[in-house]
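Here it is, the structure in full.
Which chain is which? They are A, B, C and D, in the order written, and residues in each are numbered from 1.
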Amino acid sequence: MNTQQIITKHISVKRYMPDSSAEPYWQQYELPVDDSTSLLDALNHIKEQLDSTLSYRWSCRMAICGSCGVMVNGIPKLGCKTFLRDYEGEIRIEPLSHFPVQRDLVVDMEIFLEHLAAVKPYLIDDNPVKPYDPQAPETYQQSPEQLARYKQFANCINCGLCYSACPQFGLNPEFLGPAALTLAHRYNLDSRDHGKKQRMAELNRHEGVWSCTFVGFCSKVCPKHVDPAAAVNQGKVEAAKHTLIALFKG
Amino acid sequence: MNKHDNRHKQAIDEPLWWGLFSAGGVCFAVLLPAVILFIAVLLPLGLLPAEALSYERASALLFSVPGFLFVGAVVCLPLFHAAHRLRHGMFDISVGNDSINKKLMYGGAALLSIVALGLVVAGFLG
Amino acid sequence: MDKLSTQRLPPLKRNWWLKHRFFKLYMLREATVLPLVFFTLCLLAGMVALLQGAESWQGWIAFMGSPIVLVLNLLALAASLFHAATFFVLFPRVMPLRIAGRSLPDQAIVAGQWAGVVVVALLFFWLLGRA
Amino acid sequence: MQQRDFDIVIVGGGGAGLRAAIGAAEQAKEQGTPQRIALLSKVYPMRSHTVAAEGGAAAVTSAEDSHQAHFDDTVSGGDWLVEQGVVDYFVHHAYQELVQMERWGCPWSRKDDGQVQVRRFGGMKTARTWFAADKTGFHMLHTLFQTSLKYPEIERFDEFFVLDLAVHEGAVIGVIALQIATGELTLLRAKAVILATGGAGRLFRFNTNAGIVTGDGMAMAYRHGVALRDMEFVQYHPTGLPGSGILITEACRGEGGILLNKEGYRYLQDYGLGPETPLGKPENKYMELGPRDKLSQAFWQEQQAGRTGKFGDSDVVYLDLRHLGEKYILERLPFICELAKSYINVDPVKEPIPIRPAVHYTMGGIETDPQCETSIAGLYAAGECASVGLHGANRLGSNSLTELLVFGRLAGEQASKRAAQTEWAEMRLLEAQGDRQQAKLLRLCDGNGSGENWVELKRAMVQAMESGCGIYRTEEGMRHSLETMRQLRVRFNEIRVKDTSKIFNTELLECIELGYGLDIAEASCLSALERRESRGAHQRLDEGMQKRDDVNYLKHSQVFYQGEANAELHWQDVDVRFSAPAERAYGDAGKGGKA
């Protein structure tokens, strides 16, 4: 492949440096890019060659750690999975929407983590079939079909792009949001889990599944094809069933 | 995590509204295209056979048990569907306050539903 | 950790949905209920008319034929179809159907729902379309 | 300066750190001594590099397999430079840890009957590698992170960058950390500290590692007098993507992928790994399933012989999966397809993937005893940052994810036991060390000094490591690299950052990481230079040093920090109580032998 042609591109980055100025401002950079230059490569180039004061998060540079989310021309994207070859004209980079900005492209993800923790995202087996015995350990059984039921929803890398895409989260940060609700659903669907009832207490709140209006943009931007919109709305069905059952049981 | 404990307020009404919304959504999508086409377009344009919805035939069709079900599926459920979307839409564009909007919208839908069904019953008895 | 006073979070403005095509389509989808409500109110009026007698029933039909009402109801027809298009694709994602452990392809479910629309229309034709 | 007290402080939120935290919490419960555990990480735990591991985790699983076989594979894989007592403990605890992961919800891939499935892996005699599609590390890390949320006694300090350990009279008393969001220092007083900071692959220019893998914990322990052991052994993974170095998992070969040179020839048969195995019938320890060091070396030979192809400006060979068929590839290796398509625009279903070796794993690290304790009382280390003695001269793929669990848990339990019997040191001792750190930071930001630039120094470091300590090494090359590191360490004192702000100052962090890196790079070069033999990942071209030399070098290297002066090297005996060193052979040559 000989597409290593180097051209010059401009990118504008929204800067915010609370140490020195109270207001954000736009800064332009000009840099050489080729066919394989990702946005993350570009930011690293800026940091090392042009302006070492630019702050952003990154780590794996292979779209699996979930660190590097930013807005690219208004759409949430992973920097390491966005290629400049796909953009004509000006490229505008901003911190992820709907999260408080700490500095430059770095946002405060604390609320996202709180929401994740709130849904009890771990296997709850209050009634284990076989108690775990370190001397003679045994796994649960789970067929490939049972695995397939939740597998897609277990692929979330916690990048938070879906929160930036979801206007309901933007309007009300108390909304548990797509990724947390998806994680809850992932465990609810796991044949080894018995914690659905406990999780329902969180899901079946106004700020749980019921704040979602199926905008669906969350699934559109998800870099891992998790389809959180589907998970959240399947969660509504579950929550509705749960309520019905609770009503009948008194 | 304790923060969450005092917010554990369960939304027992939401499943009801969402259930009505969904059922209404199905009716809106599956039934209403035909209903609107025949009643609100073909009928007034005179494109239906004259006696198809003559006063007598219309009364007979409507003021009956199937008519009652028809009104439930074509008027009541879609009204709840609409109420739900209007309520959320108002929240989306920051109009009013959700707890009041909720009462207004679902209340309105319920009121109109009762009127509609009441009309059928009245016609049936009368 | 405590929130920092230096953090910035501009609130979402009420015109947020004008910023992206995807959101505009979402709003359009939500707005399909507006003409729906109009049609429903028309229908209610028709029922009242029917209860009042033959004359007002004829009056109602005439009212339905007035240009503005007709246009609005044509709009409602379009809205119902647009709504159907958006609603049908959501269904398999909310209720994935599985038959013998294998999930049914989404396209099949969507097609099935459109078939439902056609069947209902045929039903109406059978009921009202013949002399 | 904020001050907090904990029984146990864990530095690192990767697989090892999380497993240690849970292990400690469980141990405290069992002991009946409520303990508070702090988990510090410079990134959110699920961003840790464990997330990138693709292939799988090894444990003896099937009835035909045995602990002895896993032991033998690991010992010979490590070219006998392993602590055999440690390996024995490891192979006996591996299975139970993977089952525990399953019990915590890890979505391991399954067989039709509902049992966990295993796959083949390089250097392993039998299929014993558990996997979760080709995202094993991702699923393990998220399972551990999510499970850790169950334990209220674990308090997380996300995005806290640990600057230093506090040590007093030979015992650890706490750590000093920088809250990245505010730039403020926090003193955490502790009765026991566990380092789980991961490897140091970023010392090299071309690597499969994440940006955070900079060897911080190694340097911290080293600076306080703990030996860095076996640092000359750095694993090259034979299959990295050209350009970025992004990893294409060994599982591709385990599933039947083959390696071709530019002539389309399966060249591995020329390097003692043959005979050629039939297409689609991979066989353990043959051809593509030979160990990583051998495969990387074969690449180098092909490159010298001019039989490698070109991709951009990289020399490459080709990993061909096409014969496996689209359905199989997409089911077993979906992430690989995604990576190859995004990063080099190649669809593995239709084209062979160009690949080349890249630095992947640091076998050496912080020396610990078999219970994970270092020479500093109360200081433990686990995971890739540690050298507990499992990997020796070359790590076998899929042993290290299991290592995180087995030794993470052990370190956690040991730390918890110790904390139950220890008192906190006086806070003023920590405060003094905190003040020293503060002064250091201020100096980095004061704008004086000759203004050495961290970017330049970093570049010089990674280039010197690559040229001197690559797949094949020479006396001259290593000597040059060692000299370079020593000069760079001096120049580092003159480094100043441009960004003097406090909030999220990533430039400052890069500089501190570079300082850590230079120290351990020196240790790595020194031990490489002094090991005058070829063993495992350490291969010399020098006359008379191209073979293993058990008479003189069946020994661990230990490097000790000497402040501004040059580091010192010692040798340490190896535990060979179960299995005497033998020829390390693969392919047909390995038949019947120990390997």
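The rule is simple: contacts are C-beta pairs under 8 Å (C-beta built on N, C-alpha and C of every residue); 3 or more make two chains touch, one makes a residue touch a chain.
Since this is a predicted model, take the numbers as computed values, not measurements.
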Whose C-alpha centre lies nearest the centre of all protein C-alpha atoms?
A
When A-B and B-C are ranked by contacting C-beta pairs, first place goes to B-C
Based on mean C-alpha positions, I'd like to know which chain lies farthest from chain C.
D
Separation of mean Cα positions, chain B and chain A [Å, integer]:
37
Cα-centroid distance, chain B relative to chain D, in whole angstrom
62
Averaged-CA centre spacing for the pair chain C and chain B, given as whole angstrom
11
Centroid from C-alpha atoms only, then distance chain A to chain C, rounded to Å. What do you get?
31
Hey, what residues on chain B touch two or more of the other chains?
1, 88, 92, 94
Enumerate the residues of chain A that touch no fewer than two other chains.
18, 102, 108, 117, 167, 171, 213, 236
For chain D, residues that touch 2 or more chains besides their own
181, 503
Interface residues, chain B side, partner chain A - complex:
1, 3-4, 7-12, 14-15, 18-19, 88, 91-92, 94
Listed in rising order, chain D residues that touch chain A in their complex are 43-44, 46-49, 51-52, 95-96, 99-100, 102-105, 107-116, 135, 138-139, 142, 146-147, 149-150, 158, 181, 210-212, 243-244, 246-247, 311-313, 335, 338-339, 342-345, 455, 497-499, 501-507
Complex interface listing, chain A residues touching chain D
1, 4, 17-20, 35-36, 38, 47-49, 52-53, 55-67, 81, 83, 102-104, 106, 108-109, 113, 116-117, 120-123, 125, 132, 134, 137-144, 146-147, 150-151, 154-155, 157-158, 183, 187, 190, 192-193
Interface residues, chain C side, partner chain B - complex
14-15, 17, 27, 30-33, 36-37, 39-40, 42-44, 46-48, 50-51, 53-54, 57-58, 61-62, 64-65, 69-70, 73-74, 76-77, 80-81, 83-84, 87-88, 113, 116-117, 120-121, 123-124, 128-131
With touch defined as at the start, can you tell me which chain C residues reach chain A in the complex?
1, 3-4, 6-9, 12, 16-17, 19-20, 22-23, 26, 30, 90, 93-96, 101
